[in-house]
Structure formats: C-alpha cells, structure tokens
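Quick one: the structure is below, questions incoming.
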Amino acid sequence: MLAKYIGRRLLYSIPGLIGITIIIFLALRILPGDPLAILYGEGGRENLTAADIAEIKRQLGIDRPLYIQYADWMKDVFTGKMGESFWRGDSVSELIIRRGPLTAEIAVVAVLVSWIIGLPVGILGAIKQNSMADYISRFLTIIFLAVPSFWVAILVVVVSLLAFNYRPPLGIIQIWEDPFTNLQIVLAPGIVLGLATSAYIARMARTTLLEVIRDDYVRTARAKGLPERLVVLRHALRNALLPVLTLSGVLFGLLLGGSVAVETAFTVPGLGTALVQAFTERDFVVVQNLVLLYGIIFVFVNLSIDLMYAVLDPRIRYD
Amino acid sequence: MASQADAPSQLAAPTASPLQRCQYALISGLTFCRRYPVGAVGGVLLVFISMVAAFAGLFSPHDPLYVDFLSLGAAPSAQYLLGTDYEGRDILSRIIYGGRVSLQVSVLSVLLGSTIGALWGVASAFLGGRFDIISQRVVEIVMSFPALVLAMVLLVALGGGIWTVIIAIAVTRLPYGVRVVRSVALSVKELAYVDAARAMGASNFRIMAKHIAPQCFAAYFVLATAHLGAAIVIEASLGFLGVGITPPTASWGNMLGGVIANTYKPIWWLVVFPGLAISITVLSFNLLGDALRDALDPKLRGR
Amino acid sequence: MSSMFSVKSVVSLTVSLLLVFVIACGGTAPAEPQSQAPAAPQAQDQSAATAAPAAQAAPTERPDEEPTATPFATAVPTVPPKVQAETPRLMLRAPEDNPQRGGVMQWAGLSDSPHFDMHQCNTAACAQPQGVYFDNLLRYSPFDGGKEVIPDLAYGWEVSDDGLVYTFHLREGVLFHDGAELTSEDVKATFDRIIFPPVGMISPRQSVFVAVEEIRTVDPYTVEFVLQAPRGFMPAAIANGWNVIERKQTLEDNNLDLKKLKPGTTVHPGTGPFILEDHQAGEFWKASRNPNYWNPELPYLDGIQHSHLAYGPATGAALITGRVDYVYGAGADLRDDIRQNYSDTHTVVVYPIPSIGGMFVNHESDGLSDPRVRRAISMVQDRCAIKMAVAAIREIEVGTWVVPNDPDFGALYREATLNKKPGYNCPATGDDVANAQQLLADAGYPNGDGFPTLDLMVRDINFFVSPMAPMMQAFMKQSLNINSEIRVVHTSVWQEDRDQGNYDLAVNGAPTPLASTPAYWGSWFYTGSGSNWNRGSSNPEFDALVDELIGTTDPARKEELTLQGAAILEEWTPMIFINHFTIIDGFANYLKGHGRANRVTLFNDIRFDTIWLDK
C-alpha cells in the first residue's frame, strides 16, 4: 500500500517536472542581445561574414525551430549530458558535479543548523511559555526573520577581513580531498543560511508544540502524573515535529534561493555563483540546466518529506 | 500573543450594514492596538517609513543623484548624516529614495501577485473540476522554483527596469495567493447561504464576486501583509546580485551590491545603513503581519 | 574596406614609431642589475652574446654544440644545425646567487579565458594563465619589468643592412611537451597564421605586422622574415607575449583553429616551462614544472596555480590574507593599503595598458552633432573626482588626448593635466563650468533649455555602471542642465546598439594592440576606423594630420604635429574622453627572481620561469 502510494506520488510529480522545463525553456528563448557577440568578444563579430554567423548558429543549434531545440535539450537531460556551456564549451554536467557538492554541503549545514538551533529554541519557548526565556527567544526569532541573510553574509565577510585578516580559501576543495579546508569554505555560509531558517523552525516548533500540548492525549499523559519533560519529549514533540518537517521542505526552496545570494557574498564557487555568472553572461545553456536542477531538487526534497510523513504518521491515508 | 484564540475572527459578517462595519472597524482597530502592542509598533513604524518614502523630496536632505565631488566616501557628519558613497552621493537620501523604490516594488508586486492569485484561487475553488486540477498543477510548478531564482530567470528574460522587477516578484507571490485563498474559498463554498444564492438563480460570477470573494478577504489581507517583507528581501537580493533595479536609481539592494563588488575593505556606513533599512522595514512588516494574522485568522498561524 | 586598410597601415606605422622608442629606451638605459643579473644582449651585438649568464648556468647546461638526440625520428633535423659552439647562448637564470627550487606559486586574477587560442584572443584572461605553457621567438626581459627584448627560442637574430630581412637562429633540441622537436617550420606556421590569418580567424595583432611580406625557412633552425619596408620595431612586436610559438602539426591537425583545445601534452603542446595539469573554466589553471625544459636552470617553481578572480576587491582580500602570492588587476584600495600597512611583506605595482574609457558620442544625434556641445560636456567632467570615485575598484589616469606613458609626449600630457588646460582642472573650476555653459548657449541651448534628454547607454561592467556613468550623468545635469537617462545593457546589446547607432552617448572602454599617441588616434578617432565607435564622426583635417604624423621621423615635426592634433581634438571633441586605464598588480615580497616592481605594461612578462619563492 505504501509502495503504491510512493509510486503514485512519483508519477504525479512528472507533469510538474515537465512544466518546469517548459517554463525555463520559453523564458530563456526571449533573451535580448546577440549571444554571438559575447562568444566572439569585443570587435570580433565585425570580422565575421553573414555566412560565418549562420554557420556558427548552425553549429550551436540555435537556428532550428524551438520544439526541436526543446526536444534536444530533453534528450540531453535524460542522457545526463545537459549540454555544453554556450560561452566556454564546458560540459554543464561536469560543472554540476564539481560545484554541486559545495552547495549541497552548504544546504546540509544550513538544514542542520536550522534544526539544532531552531528546535530547542522553539521547544523552550513552548514549555516555558511567556517566561523571560520565551520572550528573548521570540524576540531573536523575529529579528532573524527580518534580517536578510545575504547582508549578514556581507557583514561576516567584511568583519572577518577587517578584524581577523581572514578570508576563506580560494577555489573548490572537496570534503574528501581536504576536509579542514573544505569546511572553511562551506561552514560560514551554511551557518548564516541556517540561522535565517532556524527562526522559521523555532517559530513553527513553538506554535505546533503549544497546540499539541493542549490536545487531549497530552493532557491525559500529564494527568497520569508523568513528569512534564517526559510528556513533552515523548508525546507532544513527536506529533509537533511533523509540521516542522513539512516546513523544512518548504524552507528548502528559500534556502536554495538564499544560497545564491549568500554564496555570492562569500564568493563560494558553488552552483549559486555559477548560476549568477551564467546569468550575467547570458549563457542560457548553463542557466536552463542549473535552474532545472534547482527545481528538480526542490521537488524531490518535498516528495521525500511527504513520503517520510507517510511513514512516520500512521494517520495519513494512502489515497 | 499566541494565546488569543478568541481574537475577532468574524470580521465583516455578511449581515452587517456599512455603518456597523465602519464602527466595527474602528473598534477593532483600537482593540487591535491594545491587544497587539508589538504589531501596532510595527504598524506605526511602517506608517513612518511609508510617509518618508512617499514624501522623499521633503525628507531627504539632498538629491540622491547629486554628486558632491568634494566629499567622495565622506564619513557621517552634520552635512551628510549617514555619510556619502564613493561617488559622493548622500547615503541618507539614497536610502530614502531607495526605500521608495523598494516599497513601491514590494507593495505593487505583492498586490499584483496576491490579487491575481486570490482571484484565481476563488475561481479555482468555485469552478472545481479540471480547471481546479490544472490550476493546482501550475501553482505547484511555479512553487517548485526558489523564488529568487525564478525572479532572476524572469528578469534576465524580460530585461531590467522597475516594472519588470515588480512583475518578476509578483509571479513568485502568485501561487501563495492561489493556495491560501482557494482553501478558504473551498470552505465558504459549502456554506448554506452560497447554496441559497445559487438556488435563487445567481450567476457563477455573481456568487464568486458577491458571496465568496468577500469571505476570503481576511485571508488575502493577512497573506499579502505577510509577503510584503519577503518581497522586500527578494528585491534587495536581486539588486545585490546586480539583476534588479539598475543604477543610478538607488534601491537598498543595489546599494549593497555596488559596495561589495567594488571594494575589498568597504567603508562601514555603505554596508551597515542600507542593510539596517531593509531589516527594520521587513521587521515592521513581520510584526504587523503576525499581529494581523493572529487577530484575523488564527487558523493561518504558522503558515 | 579601403578605409579600413588605410587605418590598419596607419596603426602599424604609428606603432612602429613608438616601438622604436621603446627599444631605443631599453637600449640606452643600461640595466641596473647588470652586476648580478645576466644582462640581456642587445639586438645589435647579438652574435657576441654575453658569456656571464651562460657561465653561471654552465654546470647543468645542455651544451649547444652537442645537439640532443630526440627519441622521435621524425623530429631529427635533416640538415645539420648551424653550429655556433664558440658563442654560448643566453640562458636566463634568476639574478640571485642561490635561487631556491620548489614550491607552487598561487596567482589570482582575471583568467577565465574564453578559449585556448592565444593568437585569436584579445583579453588578458587568455594571456595571463596560458603564457606559461609556451615560449616565444623573442621575449621581453623579466628583470627590467619587460622593457628590453631578449632572445627566447631564437638565441639570436640579424638584420640585413637594408633592414628588410630579419634572420632568426633557433635553439636546437627544444622539445614540445609531446616530445617533438621545435623547427623553423613551427615558427613559420605560427607567424603565417598571425600575419596572414585564414578567413574567419581573428588576429588582433595582425596590424603590427602589415609590413611583413613573407616568412621563409632557411633550414630547420633558421627562419627569415622578409619585409616590404624597414620596421625597427619588429623584434618588439614579435616578442609580444601573445605571439606564442605553436607547433605546425597542431595547427594543421585542427584546421588552424585551437579555440577549443586546452594546452596539453599531446593535442596542443607548447614548449614552455610549465605543463598544464588541470583546468576548470572560470576557476583555475594548474601548471606543473616541465622537466624537459630547454633551459635546464628553469623554471624554479614546481608549479603555478592560476585562480580566476574578477578585477577588484576579491583579489585584494586574497593577497592580504595570504591566500595567494600574486594578484593581477587589484583595486586602488589595495594599492594604498599595501603602501601604508603591508609594505614590509608586499609590493604593489601600477602600470598602464593601451585602453581608454569614456563616453562614445553618436555624432548623428540631436544636439551632439555640434562640437560646442560636445566640448561643453567634456569640459564639465571632473576627471579627478571620477578618478577618486573609481579608485576603490581600480586605478585610472586622467585622460587627455595625449597618452601619459608615451615616451615622446608624456610631458605634453603632464602639462595638460597640471591645471593648465580648461577641462582638466581638479576639481573643475567655476571658469570651466562657466565657459562650458557659454559654449552650450552659443550652440543654441542656453542653460540647457530645449536640449533633448540623452540616451546614455552603459556596458554592464561594474566599473562603468557604478561609479563612472552616474558621475558623468551628474556632471552634465549639475553643470549644464542636460538631462540623460542611463540605460545599462549587456555587452552584446552594447555592441549591437553601437553598430546600429541606437544611442546618444555610450560608456565603455576601448583597447588597442599597442600604445602610442598616433596609434591611439588612428584607432579611435580616424574616420571609419574599426575602433572609432563615435558614429558618424569624421574630421578630414585630423585624418590628414594622423597620416602625416605616422610617416614623420623628425622629432621636432612630430611634436608639432602632436600638438596640432591635440588642439584639433580639443576643439572637435569626437568623444568624451575620461581616462586611460591602468592595471595594479600586487605580490608578496618573498617572490624573487623578477623585475616586476618596475613593470611597464601588460603581456610582456607572463612566463614566471625565473621566479622563485624565498620562504
């Protein structure tokens, strides 16, 4: 029954993914400017004849009808090639393989931080409702919800340079090559992003926990004389966690988007900076594939959260 | 703040006369301020920020584009309260005029996105069937892009300019409007008086406009307020990444973007003040939004 | 087309004049470190190349009289090499007594090459990282900042008495990274491609070589350049860091297009001191020592890592925090910081590049067709304020019509900028503004009344978008009440709209292959020149003057013409000229074995073979 449910959920996500590809494809085909001018640099285009330009367009495949270009792209995506950078001729899938791990690490650090900080703060607020600790945590939550993470990132970068004469290592160093150097690259952006997300988690955890605590079975447990801490941990928390989990999935989109700006502020050579660079270079092959990747990741993260939900919460009906 | 389950959620009951509504609004406004002092503070701050932005010419001490070539990168002083940037332009005036742009963008984009979304949500809920299913799919697709990335794609495709930024951000706000309003509309649709209206031969459009849409207003209002802060942050991020409002027009985002792209040990007043402006504005929106949500629709809490 | 051709010849002629000077200066100014550094031989006493450096490097030197047998039969010369056993040839080594070997130098700067074909590329992003994989026929000395031309793959050269034939003698036993030996055929193929490019190939430095008629191989180690007319600057032009020697086989195998081929040991080999290990576009280049380098003393480094960083703040932070040893293209804030706070550990050098910045003018636009209007707009620009505002990103020189680093006319430049000429006062004086307002009124727009709002198109490069364009706009508005709307566009749109005349004023920078006042003029302001981006601008009087200036050798006449030309440009104001560009490099003081603190210009010293790390 569960397997059937999973299968159906997977099936449902397919039209969504196709829709994503169509939106990206169409949006990027109305770009202004002549991409050939970028390709051939300052003054280079003047030396090309009309025939040369036609030939180059043919080689790049941008002279064909849109639907064929789209079909080609889909073919590339399914074969995992994802085409080549319009500007540098480098394989986009290689780019993703090289830069993806950094962004993935940042996302993992951010999610961990958001839970490690957000959950205890939220729980504390709920247990000690209207205490001083609750007020402080709520105040901080509200502040962190308002402060844009990229600005915090800028402040961290500037302060660490001015005060400690420090900047993170250059280049892409993977965690399996040199964990210490790698962590210097990913930790700070991960924590900055995580702090921003932790505020949402804390608020959600507090609210749901407060609701659950008022529910009957918790009251029963409490009436049975179980210690308060145990009541919260054993009964209330489990049920309160599910909405937080769902929120985490929704927040993942915020996190992916935020990582673009935070990576840029920290000059981390991850997917986010690659995306920004591709945007400024109008490299639509890179842009369309990276944006697609972001969409796919988001869809699958939320799909797996839904499935986790189904496993964790027996009340969910599989239909 | 979170325990006011008894908050007045029955705003604008369908039977109230206009006068009663007015009275009610006034009373509930006062009640709101008394019950939600923090939210009221946010509201007051917002009124202040909006006034300053709206009458930027009165409040800003200088022309935001005026280049004082004798005071390039000058520290905060009596003449330039928040200092000048590397081009010799007054930071305070740029923050005020930038605030005008940022507020304009966020309010218009949220209004545009949420309104279209809300109308779509009402239609989707009321019409149901295939239209509803397709609508839900489309909403899901749009929601599966990170908002910032989607806005960037649209901006690169549409080109720069204040209206394209508004449209790009509006598109990212649209699905929330559809979702939230649709769920409210679905429950309203089942109410007896809608059936009654239908029995009396009212057209679909009339039922949607007269009976269902007003019931969704509270949800729409809460939603729009909640998203204003997000829109400000998206606008600022776009400006920071260099794809939003283009210089020399000031926006909070592009003020920060320029600093980071141009200097490795930036002067602090270029970094601190625009960021503070963003944070305080978003904070005010959030405070007001939270209070409004608690007051108008406890069911929406946490969304 | 005919006008284009004339421009090219104009440029090349002009360039020749400058280069004569460059060489003359290099020759007349004795190299200071001569006592300890190997002095590079002068072109004329080539045959008696210095013995000192060879003696120093002797123990490990491969004797020239014993041509190394290569394992590659095809590469074995069929004609016996021209033996010059009695004259040891220049083999560079670091000037210090005991250079240390080993270590990897971390370099950061612009290095996201658009492609791998040095001959076709005209951005620093190509030459900076790729230069280390190749050698040139001749090169600029790494010990004097790149002023003097010294032997490289050619150990010597002779010029015929009529100045029409240059004969270059190649070193024997030079191996490409794939093991094949260098012969004169490779040199010929390289320069044939640069000078006579096939259809569709872009050869940015072709114009310098227009006088070359033919390149002949005499034997496998001798190659001749035959000229139509004498050109004293030939060695300097050949030594340009871009003109790397490619293998003939590589060129033929790839239909003369190397854009997509990474420099590698097999498909695209060079002869250079380093071998490409790894490269990721837009990220880094990793080079390792070439163990079979023809100069056994070099290189000292085990490798170089070129990391790509954009111009400006990123490079500054990387250098100061010790992440890298050398940065290219830093901001003026780094320059000041190093001079004030880090002079013990770091050195910074500022040098000009042949490129200008400013507003190109559409002479066909309403209002802008009147030279008085253009002059008024130019006069109210406070170039010093712009220079200061820009300083955080990079250093610029305030622009006038003469070039600051021109050996002939630098004095003219200084005179113009020392608060003597209208429009170049810092800050702009009330007189300048009043005069400009009067000019505008004379043109029929008193107080800017009735003047159309101008479309100010800006290329979306940070530098232009953020400090420059808004300031120029502000000066027009504040001093002349001329309104304009800034339109920031991507490079591709900029070029398209420029070509179609879709602009009133257009902000960008424009490079030329080589630096000299007449070359600049021929390139940027000559009617119909490919780099004259001022639509519809034409001044026959000025064209005639440039034609004459290029052919003039008499210094007095040259100065007279230059002054006249500057005066014409001042009146005519074909564009709103703001600045000459400069580049800032910074490096750690433990980098030894170079003369980079005196660097004179770009692309003359990018090999890093004599550099060693003293730490």
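The letters A, B and C name the chains in turn, as written, and every chain counts its residues from 1.
Basically, a residue touches a chain if its C-beta (ideal position, glycine included) is under 8 Å from a C-beta of that chain, and two chains touch if they have at least 3 such contacts.
The shown structure was predicted, so the numbers you read here are calculated from the model rather than taken from an experiment.
*Asks:* Among the chains, which is located farthest from chain A on the basis of C-alpha centroids?
*Replies:* The most remote chain is C.
*Asks:* Can you identify which chains form the pair with the largest number of contacting C-beta pairs?
*Replies:* Chains A-B share more contact pairs than any other pair.
*Asks:* Can you compute the centre-to-centre distance for chain A and chain C, using the mean CA position of each chain? Integer Å is fine.
*Replies:* 43
*Asks:* Roughly how far is chain B from chain C, centre to centre by C-alpha average, rounded to an integer in Å?
*Replies:* Measuring from centre to centre gives 51 Å for this pair.
*Asks:* Compute the distance, rounded to whole Å, between the mean C-alpha positions of chain A and chain B.
*Replies:* Computed from C-alpha means, the inter-chain centre distance equals 23 Å.
*Asks:* Using the touch rule from the top of the page, what residues of chain A touch 2 or more other chains?
*Replies:* Within chain A, residues 32, 161, 280, 282 contact more than one other chain.
*Asks:* What positions in chain B touch 2 or more of the other chains?
*Replies:* Each of 242, 260, 264-266 in chain B touches at least two other chains.
*Asks:* Hunt down the residues of chain C that sit against at least two other chains at once, touch-wise.
*Replies:* 314, 317, 320, 460
*Asks:* If we count contacts the way the header does, which residues on chain B are in touch with chain C in the complex?
*Replies:* It is residues 65-67, 69-70, 72-73, 86-89, 160, 242, 246-248, 258, 260-266 of chain B that touch chain C.
*Asks:* Mind pulling up the chain C residues that touch chain A in the complex?
*Replies:* Those residues of chain C that touch chain A are 106, 108, 112, 114-115, 121-123, 200, 202, 260, 280-284, 305, 307, 309, 314, 317-318, 320-321, 323-324, 460, 489-493, 495-496, 499, 511, 530-531.
*Asks:* In the complex, go through chain A and note every residue touching chain C.
*Replies:* 32-48, 52, 85, 87-90, 98, 161, 165-167, 169-172, 267, 269, 274, 277, 280, 282
*Asks:* Applying the document's contact rule, which stretches of chain C touch chain B when the two form their complex?
*Replies:* 312-317, 320, 331, 333-334, 337, 382, 384-385, 388-389, 391-393, 427-428, 460, 462, 465-467, 469-471, 473-475, 477-478, 486, 488
*Asks:* In the complex formed with chain B, which residues of chain A make contact?
*Replies:* 15-16, 19-20, 23-24, 27-28, 30-32, 129, 142-143, 145-148, 150-151, 154-155, 157-158, 161-162, 203-204, 206-208, 210, 243, 247, 253-258, 260-261, 264-265, 275-276, 279-280, 282, 287, 291, 294-295, 298-299, 302
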